[in-house]
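What follows is subunit A paired twice: with subunit B in the first complex and subunit C in the second.
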Partner chain A sequence: MARKPKLLWIQSLTCNGNSHSFFNHSNLFSILSHFELIYFPLIETKYSLEDVLRKKVHSDILIIEGAIKEDLTKGGVNIKELIHHYAKESRYIITAGTCATFGGIFKQSEPEKISGFAFDKENEKEDILSLYEHRLISLPGCPIHPKWLSYVLLMIINRRRIPLDEKNRPQELYGFTVHTGCVRNEYFEWKIDTHGFGHKEGCSFYENGCQGPFTHGSCNKILWNDTSSKTVVGTPCFGCTEPDFPKERLFSTKTNMGIPQKMPLGIPKRAYLTVTGIAKSFKIKRLEKKVIDYEK
Partner chain B sequence: MIVKKLIEKIEGEAELEFDFQDGVIRNVDIKFNLYRGIEEILKNKAPRDALVITPRVCGICNHAHLIASVGALEDGINRSVKKFEITEKARDIREFTLACELIQNHIKWLYLTIFPNLNRVLNIQESKNYALKAMYVSNTVTKALAIFAGQWPHSSYAVPGGVTCDPTFVEVMQAKSYIEDVIRFFENVVLGIKLEEFLAIKSVTNLDKLKGDFARILFMLGKNGFGKIGQSYDRFIVFGNSKFSMPGKATATTVSGADIKFVQEFEQEGSFAKAVKYKDKFFEAGPLARGIVAKEPVIKSMHKKYKDSTLTRVFARIYESAKLLYVANEILKNLRIMQDSCTLDSKIRLEEFEGIGVAEAARGSLIHKTEIENGKIKDYQIITPTQWNLANGAAAAKAMIGLRSENIASFVFKTFDVCSVCTTH
Partner chain C sequence: MHKGYVLTKKELKRESILKTALKLFSAHGFHKTTIPDIANALNMSVGNLYNYFKSKDILAKEIIKYTSEVLGQEIQKVNLQNISSKEKIKKIVELYFKMAKEKPEMIEYFLRVYLSHREVFNDGCEGMLCVSGFVTEIMIFFDNGVESGELRNQDFFSAFGLFMGYLGGMVFLKGENILPKKLDEYIDDISENIYNALKA
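Coming up: the complex of A and B.
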């Protein structure tokens, strides 16, 4: 039997949310059974953090969690340098989460010093990409979706090529928008708003700031915790997989003469306006009503 | 003699510096290094954006941050903008999802921290996959949470006025099945007896009914002297008011009222973490504090026999998990889904106010303070439970002083359920 690939998970500047998100995977141990787990922050392995920091272990697949900060140290070891040490020998490098991929929330505290591993927001870090581009897989999301990560790990194990986009994101996950599969699609089609928070009826695109139509990701195709998603429960999508996450005023839609400023991905404004004009010229009674009458 | 130890597999890492004199620990210096500047990041943002940013303080107690954060906004709105109340339904759903997060946390702590570390300290070789048990509970209980909150970690479904979700009974019944699954696990694996039978126990003398992993951990701790070590200040504090917590403070088991205005933060030299005191004194926060302040009979009985020792502290956390499961199930049984989910207009302008929000997180009282000016966050302050417990000189440090081994001390430290990311934020 061939040797199992070594899986090494390193944390940089992070909230630990990706570790906890992945740990919640229903099939966690079946997935891990394909690997030799060298280090993962929540599970005991043969090796200690000291061993990782002292470069006593090896890595075939490196998972990076958290943003890169120039001078961050743990136990006296510079983490950026440590990540490069293991990246050099790894066959795959996965940036797990928006912080590791683009810089994320924490970048805002010291923008010059903090960034993603290979991207600084939108921008490519050319020195890094020239070294690692062909081994790099970006998995943004705040936090990472457990099943997106397992998809990548199992593709690697099964020796299948993962189609990537220009930011090294798997197209099978990020080729869709969060809008794809949202239960509120019918209301989007007919341009019917939620009218505030706390309603199963309506779409959050018009007032509540939903970024689903222009956010790359499969949150509504591969549900969260196998059960739901933000937009399903009436929370707007905040675009947490995007390089510019977090934007400002996350609970309200920026509009221009009543029309959302930012268009659904790839849809020309003219097309949107035409469709909207038609949709709005009809009153669809069923969609204006509450779906269920509960006797109070 | 100074002995340094890197503590890992807590939330983040900490470095402990033990000062040994004549073989006894006289002082412990606790260092956390993961400062991320969340409070700075919040400045000048729209008030509601805190509901998205603050959960990112912590991957394991993110939901508590959301609840404290929305509480701060609501407090401010109520005091300075508009009087309103959230519905019982909204309150219940928030308490339910928070309870789910606490259960997730406590069970991970038991199986990912306590069992493996105790085995290590006591040199017990075992090949059990405790992580599998932790994963099962965490996975199942966060499914129930996500049914209402959309996802875990990092939901932002609580907004001023209530919650964004509007569940039908289809969702409620699904959530109930998940909770029942976890209760079944608890009865079969953790307690070895029925949940209600366990919760009816009022005195330590009846704990011999327990079987399962809980019995095992109590036996191991008791046999190895953990009922006599780990005592701290014996002062406890709770600010959150919910179906699973009562506000108040206690010295030993004498309970009195507590007022948030006496809470003060202090800079600590050489550390990113600030210490917190109440009227100039250190207090302990967390499940033990909640049990003592709520005068839970079995916790009082434990305290009478074992004081605020490591054994009592561990007991209190597992006991609380059982109680939370019961509370979560009751909430779902009685949930009035016909009430409004959200009672505040989403367009209400948030221009100028100050507000304080509190949530009982897994590790204790979490306090958020927000100050809004010109429609923007002027100042935001977060006081986390771990600041109560883990600052230099605070509860955890005190519990380690007088011990003779840094390994035992590190275990005592971990029973406080250490979270370095929250401490520094």
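Coming up: the complex of A and C.
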């Protein structure tokens, strides 16, 4: 039997959110059984962090968690340099999370010095891409869904091609918007706002700042905890998979004289406004009402 | 009605019915104008006119959509120009007054038929349904102005009412023969006032 690919997880500047998210995968150990786990911060392996820092291990699939900062050291070792050391020998390099992919929340503290591994917000880091572009898989998300990572790992194990977009994101996961599959679509269609948080009815696009329609992701196709999603429970999507995450005032829709500033992905404003004006003109009784009247 | 392709004979006929009915409704009022009046003015039979529009109410609604589209297309041309919001305001005021002068029936129809006979338009022209061509372009104008930082971010209807209510009011006064000067002579002042009210 061919030897199992070596899986190495390296943390740079991170809150550990992606490790913990992946750790919560309902089939974690069955997935890991296909790999030789070299290092993962939450599970004990044959090797210590020290072994990793001393470059005593090897990697076939390198997972990077956290943003990159030139002079960041751990145990006296420069982490950026360490990542490059392992990246060079790896067949796949996966950036897990928005920090590792684009810079994310950590970039806020020192925007000049901190970035993603191969992208700095939406900008490509050409020196990095020229080295690793064909081995790189971007998995933005704050955090990533455990199944986004297992999808990638299992595709690799099964020697299947993973179609990627221009930012190296798997199209299967990021080719749709978060809006796709949200249970509130009908309310979006008829422009009925939810007026608050946590309600069963209404859509969060008009007042509460839902970014679902212009955020790449599959939160409403691959549910969180196999159960639900932010937008389904009545919280706006924060656009955590996007290069410009985090933005400000995440609980309110930015408008220009009442007109949403950002449009659903690829929809011209003129087209959107025409359709909206028409949809808004109708009063749909069923959608204006509560679905369940708890007072009765 | 649409740019970019040649209208068929039937579409041309439809448009000429809309234009003629628009003139008659504006001149004689909605209730006093009958379908036979309109057919007569077009030299067509009543039966044939009904082939195009099933009732007077439907015709009335199609007219408001038509005028809204025409006005919207004119404003769109202004929106697509690479000029400041201040200059756009002046151009919109100019074109509105130009239309009031050259095609007074369009503005008259809006003010005296559409706004005065809500019972006809309530069913089928609810909300912005029939005026979306025009309202959409005003929205685009506001949106661009706020985005570029030139206009103040405020409530849409406060701004819309100020802009369009003002222009409509002036044309109305003109129609009542109350204005001492020609409409054109007010363009500079009015544009300035609107800009001052909307600027950031």
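What to note about this one:
Operating definition for what follows: the second predicted complex is superposed on the first by the 295 of 296 C-alpha atoms of A that agree within 3 Å, B and C clash if a C-alpha of one lies under 4 Å from a C-alpha of the other, contacts with A are read in each partner's own complex, and residues count from 1 in each chain.
Everything that follows uses one rule, which is that a contact is a pair of C-beta atoms (placed from the backbone, for glycine too) under 8 Å apart; a residue touches a chain by one contact, two chains touch by 3 or more.
Here the structure is a predicted model, which is why all the values come from computation and not from measurement.
Once the two complexes are overlaid on the shared chain, A:Val232 sits against subunit B while remaining clear of subunit C. In the superposition on chain A, contact of A:Arg270 is made with subunit C only, not with subunit B.
When the shared chain is aligned, no partner comes close enough to touch A:Thr253: not subunit B, not subunit C. Comparing subunit C and subunit B on the residues of subunit A they touch gives the larger count to B. Contact with neither subunit B nor subunit C is seen for A:Thr177 once the two complexes are overlaid on the shared chain.
In the superposed model, A:Ile278 lies in contact with subunit C only, and not with subunit B. By the touch criterion stated above, subunit A contacts subunit B in their complex at residues 11, 13-21, 23-26, 28-29, 41-44, 48-50, 72-75, 105-106, 108-110, 142-143, 196-200, 207-208, 219, 224-235, 238, 240, 246, 248-252, 292, 294-296. Here subunit B touches subunit A in the complex through residues 6, 8-9, 11-13, 15, 33-34, 36-38, 40-41, 45-46, 48-49, 51-53, 56-60, 62, 90, 108, 112, 116, 129, 131-132, 134-135, 138-139, 142-143, 145-157, 159, 161-168, 174, 337-342, 345-347, 421, going by the rule given at the top. Residues 255-259, 261, 269-270, 273-274, 277-278, 280-283 of subunit A are the ones that touch subunit C when the two sit in their complex.
Those residues of subunit C that touch subunit A in the shared complex are 126-129, 132-133, 135-136, 139-140, 142-143, 145-147, 151, 153-157, 159.
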